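What follows is chain A paired twice: with chain B in the first complex and chain C in the second.
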Partner chain A sequence: MVGSGEIIVNDIRKIFKKGKPDEVRAVDGIGFTINKGELFGLLGPNGAGKTTLIKCISTLLIPDSGSVTVGGYDIYREPLEVRRHIGVLTGGERSLYWKLTPVENLRYFAALYGVSRKVTKERITYLLELMGLVDKSNVRVEKLSSGMKQKLSLARVLIHDPPVLLVDEPTLGLDPYFARFIRDFVKNELNKKLKKTILLTTHYMDEADELCERIAFMNRGKIEALDTPDRLKQSMPQKQVLEIKCQGTIEKDMFETIDGAAGINISHGEGFVFLRWNTDNPELILGNIIELVREKAKIYSVRVTTPTLEDVFVHLTGASLKDA
Partner chain B sequence: MWVIVEEVRKSIRILLAYPAEVVFWIFSPLLWVIPLVFQGKALVGAFSSTPFGSLAGTDEFIPYVLIGAIISTYMFSAVWSMGNSFRDETYYGTLEHILSSPARPAYILIGKGLYNSILSTSFVIVQLLICVFIFGLDITLVKILPIFMFLLLLIVGLYGIGFMAAALTLLVKEAHGLLHMFEYVLFLFSPIRYPVEVNPITKAISVFIPLTYALNALRGLLLNIEFNFLKNSMILLGIDCVLIPLGLVVFHYVEKRTKTRGTLSDY
Partner chain C sequence: MSLRDNRKRMLKTFFHYLRAVNAENIKEWKIELTYKPDFIRQFIEPFVYLFPYFLYGFALLGGRYSEHLRSITGISDMVAYTFIGYLFIGFLNTACWAMGFSLRKEQWFGTLETIFVAPVPRWVYVAGMALHSTCHQGLIMLIQAVVIATFFAIVLQMSGIFMALSIVLLMLLGLYGLGIIVAGLTIALKQWWVVSEALSTLIVVVTPIAYPLAVLPLVLRKMSMFLPTTYGIIGVRHFLLGEELVIGLPTIILRLFLILIVWLTFGMIVFLVMDRYGRKKGSLSIY
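Showing the complex of A and B:
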């Protein structure tokens, strides 16, 4: 797959412990093109190979085969140019020096990226204002909250004003307030306003659905589907989803006797069990299903809705994003 | 260049954030030196020994050992500092962010080595002052320049070893044991604490260790022992010319290997 995109990934492979019984095909022949200014999502469960792919693109990992170019620069032949072109943001807190202040951290990373002293000063002032961290500029990072640390990590990534951002699970471990801030910032400020090309990896379906123009479903090192969120959802053969929210012990095989109710997806969240069926005629199976569920669990709600990206993922892979 | 300066600045800032470390750096020169003085006095019964002089070229046992201790401070702190630097970055969680930047790892390692050399120099200055004021070591201004020249020649070579130590840490992750072994081998085969002439094997092996030439030259200068100035400086320069490129090649090779195997950020 060769083209004129900002990031071009062509048949890339990375296999760990090659030839051994525990061989892992982390990235297994992946190819896609991300256009300039696009916000592209890689959605997949933990262990799908998303972070391995990000590491290959950011030159931290050398692929076994295939090619990657970023902004026209080849990761094998021009790794320094690729690194100047990108900023890498990872989830979690440990990407900064906790014993240094935000200003000291940013000054250090500016030096790593060869930003001149004059520009560094301007960028630090601009980024701290942008992130609302001016009053924390001389406080040690260890004193900042998790959300503030992630904001500072974002500032660190932007210190050299890269045109391409690789954003790996950016809201991991953040409380809802800061997760919302990061999502809005990535979408509105970085993508829409600053026109950055963004490759975002996440295993949060809603995050990918909300932010990304196109999404690639990644599972076991392969891309299972790639399209816009709407088209992915429209690709489902069944256009409706029957969802039951309940509390109790539900087994998949309970529904095998009901025609059209075998393809169930069971997930758990906030103390509830969510049962979902992709179907064109929910009314045909609803009665029998409710009867069976009532024997084992207390039902809190029943609704008919449209397919989500999670439903598409389950349909394509047979596994849930949460536990694939 | 700025990367090196900022690396030094960052390392100093982090050091200052740990007051106990600062206390260590202030008092350890004293704690390091005093046991050697007592050890020497207990063994020899005085500050000089004629049998010792026949091997070392000077009767002054304690200054001889002190100079060995001072110079080995440089040696081991540089190797430890550069060797463990990327290990520290792994703990901070910053290693991948550093290595995904366009800054060349060699500059970052030089910055880390330089930071440690600054600390070691302050450490050595305190030790030298102890030697001068307590043991009457003769350091005239005329000697300062050649002393620093030999120290510089030693440090440059040490940076080459430091690159290899950093590579070793990237490869095996926990290199404390191996670095300790390296340290003990040097203590055995170079004239840090005793004249290597005491045993034919140590004498034969010592000629391959750069520290031997630095110690011979610095002891020669400080204790007025006869030595070949030109030969020692040329050998050290030659060793530097080999160690620096060799260290860089080894580091580059290991960095590529860890990036291929995907073990860069492993603990």
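Showing the complex of A and C:
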């Protein structure tokens, strides 16, 4: 028997061999325990190995070594029990049959999961209502918007009412309205109300910060840190961040001459360049920095804030969450 | 756990899988029916393919009936002879295409991994596809049989229908083995649908569809002895048209049983090995 851990991952490894010398250490010795009812986040950039890890846990991939149990069931010895126990959301909107209607899709998956006919009917009514898809019940999935497809995918995952959910990048490519809905739904409905144990992966730090009780930073197949969002942020040696929003061409090494301004993080978004420095004393470096930036770019705003998870991630891994 | 509970659980599991197989079958019909022109094409095309056989026969024989054909098979009607063989080889599609590509198709849809995390063994999907395709192919054959038999006024021996269908069933089970092999190969080794193509061509050539076994060159005839279709077609023609058997009936049935056991067993082994290989390599998610 296993303790209170609902998902126990122990030192698992998955290496993809492409050519002889070419190998990708997608998951490189990872271990953690997710407690019953916990909403646990895996935060990492593209290629970190998040999806590979989810596939190992959900028996789609056989790890090279290590062990995993879900709800006490072993992924090697009892894969069918593991699969009964979990709902897996991966692949987004492509994971549905576009030529079928929502009701037909849900009915099909209910049969695969061995949900009795009577319960199936109740569940479908309940889930379509919950997702606000009742008026789309008999419209072919291909005619639904991406957001609606994702809602339906979530309904599909819940058809057999599993105690554990593995949710891989649930808001990837969704517009803000639907992303908001999915996040609230995962947090409030699934985790708080229905008490599901959830493993969620994302490369949006806001999403992880907002939803997860604990977060594991994942990079290049390894977990670099694991704690609550608050404690992760408090772990930063410098307690403040200086941020400059500008437009222009900025190089990292421009700032090497300034004392205390070497550790810069450059990111791009909405047509702007964001420059961030972790520092204990922003006033000290501000003047010199602004002078340098002004030569190369047009400054829109300057502010001092507290560290975000992104800052912690960069600090710990040296990699950025965005376009790695 | 008591024996009784155990039996109850096994029964429950069995019905769960059965329902999953049928759900797969229903899903397949529904998806297929959304492509209406293609659906209709599948019912018309077999007629089109059949006619060159007839025309060829007419040209060679100078008519529909042949004394020579009678002397080697006991049947003089070339149309009836050809049509029965052609009709039943249609089940080759079930094995080589429908079953073989069942999982590959899910891969193209993007649904393969989603269905593979469901708590049923992976053969359930292949079996569901086999069920669908067998029904589908059966329907096509029935329509074809009625149309051609009426049009050419072919008289079938209705007394032989039960035996004919029994032989077809054995042939089908053997073909399912082939289908499972192809399904297993294509899922792990992408390009291997070529094997399916080659196999289906080989089987069509070696199986005595429009000609008696006797006309095949020795090597091909030897090869045909390992295929369920050979015995299936010979048997069906014997029971529906009265073709003289060149192989004894007990031998036919025995060999069909042997073939189906060997092919199904081999098929399942290949499938399991390939599934494991695919999950090790991570080739499920690569197109």
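Rule of thumb we're sticking to: the second predicted complex is superposed on the first by the 316 of 324 C-alpha atoms of A that agree within 3 Å, B and C clash if a C-alpha of one lies under 4 Å from a C-alpha of the other, contacts with A are read in each partner's own complex, and residues count from 1 in each chain.
Simple rule for what comes next: a contact is a pair of C-beta atoms (placed from the backbone, for glycine too) under 8 Å apart; a residue touches a chain by one contact, two chains touch by 3 or more.
Keep in mind it's a predicted model, so treat the numbers as computed, not measured.
Asks: Is the arrangement of chain B and chain C around the shared chain A a clash or a fit after superposition?
Replies: clash
Asks: Where does A:F16 make contact in the superposed view: on chain B (first), on chain C (second), on both, or on neither?
Replies: Both chain B and chain C are touched by A:F16.
Asks: Of the two partner chains, chain B (first) and chain C (second), which one does A:L96 touch, if any: first, second, both, or neither?
Replies: After superposition on chain A, A:L96 lies in contact with both partners, chain B and chain C.
Asks: So in the superposed three-chain picture, is A:L60 touching just chain B, just chain C, both, or none of them (first/second/both/neither)?
Replies: In the superposed model, A:L60 contacts both chain B and chain C.
Asks: Tell me which partner A:L80 touches in the superposition: chain B (first), chain C (second), both or neither.
Replies: Both: A:L80 reaches chain B and chain C.
Asks: Look at A:F109 in the shared chain and tell me whether it touches chain B only, chain C only, both, or neither; answer first, second, both or neither.
Replies: both
Asks: Contacts for A:V88 in the overlay, against chain B (first) and chain C (second): which applies, first, second, both or neither?
Replies: After superposing on A, A:V88 lies in contact with both chain B and chain C.
Asks: Intersection of chain A residues contacting chain B with those contacting chain C?
Replies: After superposing on chain A, chain A residues 14, 16, 52, 55, 58-62, 80-81, 83-84, 86, 88, 90, 94-100, 104, 107-109, 111-114, 140, 156 contact both chain B and chain C.
Asks: With touch defined as at the start, can you tell me which chain A residues reach chain B in the complex?
Replies: Touching chain B: residues 14, 16, 26, 52, 55, 58-62, 80-81, 83-84, 86, 88, 90, 92-100, 104, 107-109, 111-114, 117, 140, 156 of chain A.
Asks: Under the definition above, what is the set of chain B residues touching chain A in their complex?
Replies: Chain B residues touching chain A: 2-3, 5-7, 9-10, 13-14, 17-18, 92-94, 96-103, 108, 256, 259-262, 264-265.
Asks: Spell out the part of chain A that touches chain C in their complex, as residue ranges.
Replies: Spelled out, the residues of chain A in touch with chain C are 14, 16, 52, 55, 58-62, 80-81, 83-84, 86, 88, 90-91, 94-100, 104, 107-109, 111-114, 140, 156.
Asks: Which residues, counting only chain C, touch chain A once they are in their complex?
Replies: 16, 19-20, 22-24, 26-27, 30-31, 34, 109-111, 113-121, 276, 279-282, 284-285
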